[in-house]
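The letters A, B, C and D name the chains in turn, as written, and every chain counts its residues from 1.
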Amino acid sequence: MSYAHHRRGGFSLRLLTGAGLVLFVIWSAAPILWLALSSVLEQRALIARPPDLSPQNLTLSNFITVIGSAAALGRGMLNSLIVALFATLASLALGAPAAYALARLSVPRASAIAFLVLATQMLPSIAIAIPLFLVISRLGLIDNLFSLGVVYLSFNLPIVIWILRNFFLGIPDGLEKAAAIDGAGVIGTFWHIVLPISLPPLGAAAVFAFVEAWNEFFFALILTRQSAQTVPLVIAAFAGQYQTVFGQMMAAALISVVPVILLAVLFRDWIVRGFADGMMKG
Amino acid sequence: MSVLLSRRDMLLAACAAGAAASLPFDTARASEALSVFGPLPPDPAPPGAAKFAEAAFEAWKKAHNAQVSYDLLAWPQLHDRMATAFASGSAPWNVLYMCGWVPEFAAFLAPFADDLPKALVDDLPASSFETVTWQGKRYGAVFTLSLLTLFYNKEHLAEIGFSAAPKNWDEFKRAAKELTRAGRYGFVANYGDPAGIGGTASYWMAFLQQAGGKMYGEDGLPVFKGDAGVAALQMMMDLMPGSDPGSISYAGINDATNVLMAGRASMMMNWPFMWNAAQDPAQSQIVGKLGSAILPAGPAGSASIDGTDAWTVSKTSADPALARQLVEFYLDADVQKRQALDTGWLPIRLSVLADPEVQQKLPNAAVVLEQAKHPYNSFVTPDFNQVTQALGTEVQKALQGQKTAAQAIADASDLVTAIVKRRG
Amino acid sequence: MPSPATYEQRRQTAGLFLLAPSIVVLLAILGYPIVESLLLAFQKVQLAAGGIDRQFVGLANFQRLVADETFRRALLNTLYFAAAEVVLVVLIAFAIALLLNHPFGRAGLFRILLVVPWAIAPVANAVLWKWILNANYGVLNGLLQSLGIIDVYQVWLGTPVSALNFLLLVDVWKSVPFVALLLLAGLQRVPSVLYKAAYMDGASRLQTLMHVTLPSMRAAIAVAVVLQTIWSLRIFDLVFVLTRGGPADATVLLNFLAYRVTFNFLDIGYGAAIANVIFVMTILLAILYIRLVRPAGEAAR
Amino acid sequence: MSPSPSSTPLAIELRGVAKTFGSVPVCRDVDLAIAAGEFVTLLGPSGCGKTTTLNMVAGLEDCTSGDILLAGRRVNELSPVERDVAMVFQNYALYPHMTVAQNIGFTLRMRGTPRAEIDRRVKDVTTALELSHVVDRLPAQLSGGQQQRVAIGRAIVREPRIFLFDEPFSNLDAALRVKMRAEVKQLHRRLGVTSLFVTHDQEEAMSISDRIAVMNRGRVEQFGTPEEIYARPATRYVASFIGNPQIELLSGIVEAHEGGPVVRIGSELVRLASSLNTPAGRSVDIGVRPEHVRLGSGTLAGRVRLVQPVGPSSHVVIEWDGGSLIAAQPGFCRLQPGEPIRAEISAADVMVFDHASGVRLSQGMPRAN
């Protein structure tokens, strides 16, 4: 049996893998499918028992209304995009070098520093909301995309550092030494060698930072007024005190997820590619 | 037609309002600028945010040389944003929407309602000031008469020989029981969230007043640990066999409303806004079948609770007079009428409530007006949330059979006493 | 012009230079709020005109915690929730990562599908699940009934045990994607030569998994466990939308309690005390996990 | 410090170099002087400090004390690139995300060499190393031998002053290892670049080096040509590390005997060269290499325990009441285990070590310590 053949496995393993993938698809997609259905059915069909999926209940009115109110959703998405891109790029730009320093550059007490950095995320955000609001409002930066982006940066940065540090720790010494011998400085080694071979964790970290900033609700709620409103607030606006405009909310949620999916498509290659082979531990 | 589609229109309008509000504050300096904090439609939003009385609003702004910017938020998030801003001492708004939070935030509000014109005040139900008064001062003006009344499915009730809604507790219980059949439930409620106005505790407060009880004595300490309190809870427990068992898990009123609108529950206690929603064929299966009535009478008669949607003025407002004038505009008879006709939110002015056009368009207006003749205290205090949380949790335990009514009320009384005493 | 620093010194200098911006940013943004929230836990805070009134009360808030029945309940709920969630999320995510790393699961579609549950805005996600789980018109009831699994509609969020476990299920569903992504990244750096060697050595698949895959993934698993612990102890939005802590406080988790006390009751000092309990719990658990999962080599370093 | 322009400075010189990690000493007082063009090997078991020494020469690790001089210039504080050294690593350390050409060209790129020149030099190197057909492949797509050549190519492409090799062949199978050894040797002959090579394989060291520094526990025990190291090991440790099969060491006490001192090992008296001048009563270890035991006649009476044919010769293990010895016999040996046999140890070739210090007692050295 060839090794490639072995990788795929025998009949029973292939069957198991196939079944597992089917389960995985159901597990991930079924609730999403329901979300999609909810967005194209009249509410009276959804509260029927069992849900009435007959074609006369199909409607595009939710999407028409939501897209018609593009001022709110569109601006929310634009705001979210700006904030999330800023938080993602900044947390990678700051976090990757910091993680590299903590993993490999003999910074004194690196483990303790890494832990302290992560510990900033162990205090529930509710506890820091009021003091943080105080600072930002004194600075006059309430309802400002930049201040929101910076706050998200501070939430994402520790996680990004932590994820990347643990991956950088596993890079064999030899590569950096070889780069040093080849004439690359510390920064050059980081840029030309370490980053390119860390695409999967970088991709994971980037997707993480983006999604978290894109979807963050609580700080968006207290730190914005109207002009810097992000998309989760726009979506939440469909749920009122006496009524939830469920179909429109689902339609808005579906629309708002498109950029994240595009991001996943974009980063798919990063997530797939691995350079493990050829960098055995020295 | 416009009524049926109003919920969408209002959302559109809200978005437009949001866009308008995003103009930088500086450009508004030339004229007087007012910042108004309130809910997004379909919750009761002001003119310019919801789609009504727009022309009048423009005219008012012009006449007063005022810029009004709206900071609107989905209702469930209002309290959090306000609490954060107040706690940090930097709430930027001049006019604020309040829903039972006046005692809690009284320190930040101006007692402007004492200065309202007498003609206006005389046209408002005196009891509507109960939830906006704290320590003898009136901090707000309720702008929509939003009382809990009974909504019912006329077809279902007819099936069991009820030509009208149940009039008293016994009829209520009997109807609920008999209506529970064929995959339907006689009654549905949202008992999932214990706290706040419209939470489990506040339902109990309606029953409490129907039983002739009240929450607090003159000294501010709880006095509900008597027969009335227990009877109110027992009534709720007795309704359970005729209720949707899911009631205990419905955390928002729309969870319960949907059951009624699906035709699988026959009665529920709900707010006036329910009326319009139930006539919208896109979401309701009971169009034309809905009836409304005052809440069934307990030993002391009918009683309800107040939704307490009110406008208040911030203490730090640069121009308190202008802020007060804006609230007066919101309470203007014509604006109130448009509010009722265009959004379905009932007016608070008695004269507008009595208006035939309003009564014709909103048949439940008369019912709510009738309900207003009975007590409808929501017993708001600075620690209302905490009190209703403790109380509502005890009520939930009794409804789930973990405690007897007497036990739950006794425990609730202890908890509430401790909370009130901690406030000092 | 050679600089007088050696390779190691240069690396250390560069390290401090690369680390500094992050530390500065974190300190500038989070330093004051964190210290402040620690201080708040020892104060009685009341809203007063123009802001808040603060009064130092020593350990009074913590003494109150000890006597607070809701707090005890929330603590137990949270411990159960966090433990169950970390185990479930890591196991399911690991299984998914293995599936997606298998030649059959390499299609890009699977990876995109993977991130979708996580990408749905949490507010919408929670409302979606509220509808799915509804006792009267929820599609889960409808589905299970049509499959003959249940006879009558169930009130999934009606009893304490069931409500807590459905919260758990929904949060696991939402949390698995990121951890799977992380573990997938970990799987991809296991050199295939190790698998080949294991194959040559005649190791069974299970043995390969236990002796080759798992040890190579220690770091990734450690990160996943620590991060998931942090997030599990902080869960809030689902409780807020799905159950509001009910019925009868059965699903109150610590962070929701901290929220309720801080923002609903405006008892900011007491809320900060609860938040700090979460803080300390998280730190202790994180240290424990890091020690448990750390490779022997690093322990000696 | 600076050498006079007329004298040719040593290519590499280590003066009292020491390295400690925390409180653990890894290298102690290492002195080495390597002339230009020499091929020198650091040989020793793992953990003896040889790789650390190499790294210190490369500039990848700092020395705790002592000086490192390259071409007469102190380089302690210089970075690897300033030292102008090239290195081949144990696991090749090829950049996994770069093609063969990019791997080899990386160092030139880092030096700002113009693109065209990089291409040209990479082409030269890949042609010379027979890598032309794989220049666009990633390291993971190469065989072990090809990876090895890429690693070498990366080192030679920029024509450095010094080559450093850190156990470069340890991942190769035996046949390939021998082949690569020859290639490296040829390369050295062709380029004439000073090379420092680290290995734990004594055979590799013997076959490739001009001189070998045998290291043990952070020290250089002996530095000499392969012949010196083999024939005249300075210490018992060096003697036992070099040679396959290993040298046999037999302990005993020196006795005065007619015709010179002897050491009694069981019934056998091993004669020592009288020039050693060892006093009676001294504890010594006798080292006997297999080729210095002659079978068939002699005073030693024992039995055959084991016969191991290795092709050109056979190793015969004989045992007697004093212990056991290995004798190397040319050709294919037909002795049977258990057979009685006589043997003779060549007195002239016996090495004698002081038992306590392990230092070899050599002619003309009456006393050790």
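Note that a residue touches a chain if its C-beta (ideal position, glycine included) is under 8 Å from a C-beta of that chain, and two chains touch if they have at least 3 such contacts.
Note that the structure is predicted; figures quoted are calculated from it, not measured.
Two chain pairs, B-C and A-C, are compared here, and A-C has more C-beta pairs in contact (counted per touch definition above).
Annotation: 37 Å between the Cα-based centres of chain B and chain C. If each chain is reduced to the centroid of its CA atoms, chain A and chain C end up 14 Å from each other.
Between the CA-based centres of chain A and chain D the separation comes to 54 Å, rounded to the whole angstrom.
Within chain D, the positions touching two or more other chains are listed as 59-60, 79-80.
In chain C, the residues that touch at least two other chains are 7-8, 10, 136-137, 263, 268.
Among the residues of chain B, those in touch with two or more other chains are 80, 84, 87-89, 258-259, 262, 264.
Taken as a graph of touching chains, this assembly has some other topology, since it is neither a line, a ring, a star nor fully connected. Contact annotation for chain pairs lists A-B, A-C, A-D, B-C, C-D, with touch applied as defined. Put simply, chain A touches chain C in their complex at residues 3, 6-9, 13-14, 17-18, 20-21, 24-25, 27-29, 31-32, 34-35, 38, 46-51, 94-95, 97-98, 100-102, 104-108, 113, 115, 117-132, 135, 150-151, 153-154, 157-159, 161-163, 166-167, 169-170, 180, 185-187, 190, 200-201, 203-204, 207-208, 211, 214-215, 217-218, 231-232, 235-236, 239, 244, 246, 249-250, 252-253, 256-257, 260-261, 264-265, 268, 271-280. Partner chain A is touched in their complex by these residues of chain D: 55, 58-60, 79-81, 85-87, 89-97, 106-107, 110-111, 138-140, 147, 154, 164. If you check the complex, the residues on chain C that touch chain B are 45, 47-52, 130, 134-137, 153, 155-158, 163, 241-244, 246-249, 260, 263-268.
Put simply, chain C touches chain A in their complex at residues 7-8, 10-12, 14-19, 21-23, 25-26, 29-30, 32-34, 36-37, 40, 95-96, 99, 102-106, 108, 110-125, 127-129, 131-132, 136-137, 139, 142, 145-146, 173, 177-178, 181-182, 184-186, 188-193, 195-196, 199, 205, 219-220, 222-223, 226-227, 230, 233-234, 236-237, 255, 258-259, 262-263, 268, 271-272, 275-276, 278-279, 282-283, 286-287, 290, 298.
On the chain B side of its complex with chain A, the touching residues are 7-8, 11-12, 14-16, 18-19, 21-22, 39-43, 69-77, 80-81, 84-85, 87-90, 92, 99, 183, 198, 252-254, 257-259, 261-262, 264, 271, 273-274, 277, 281-285.
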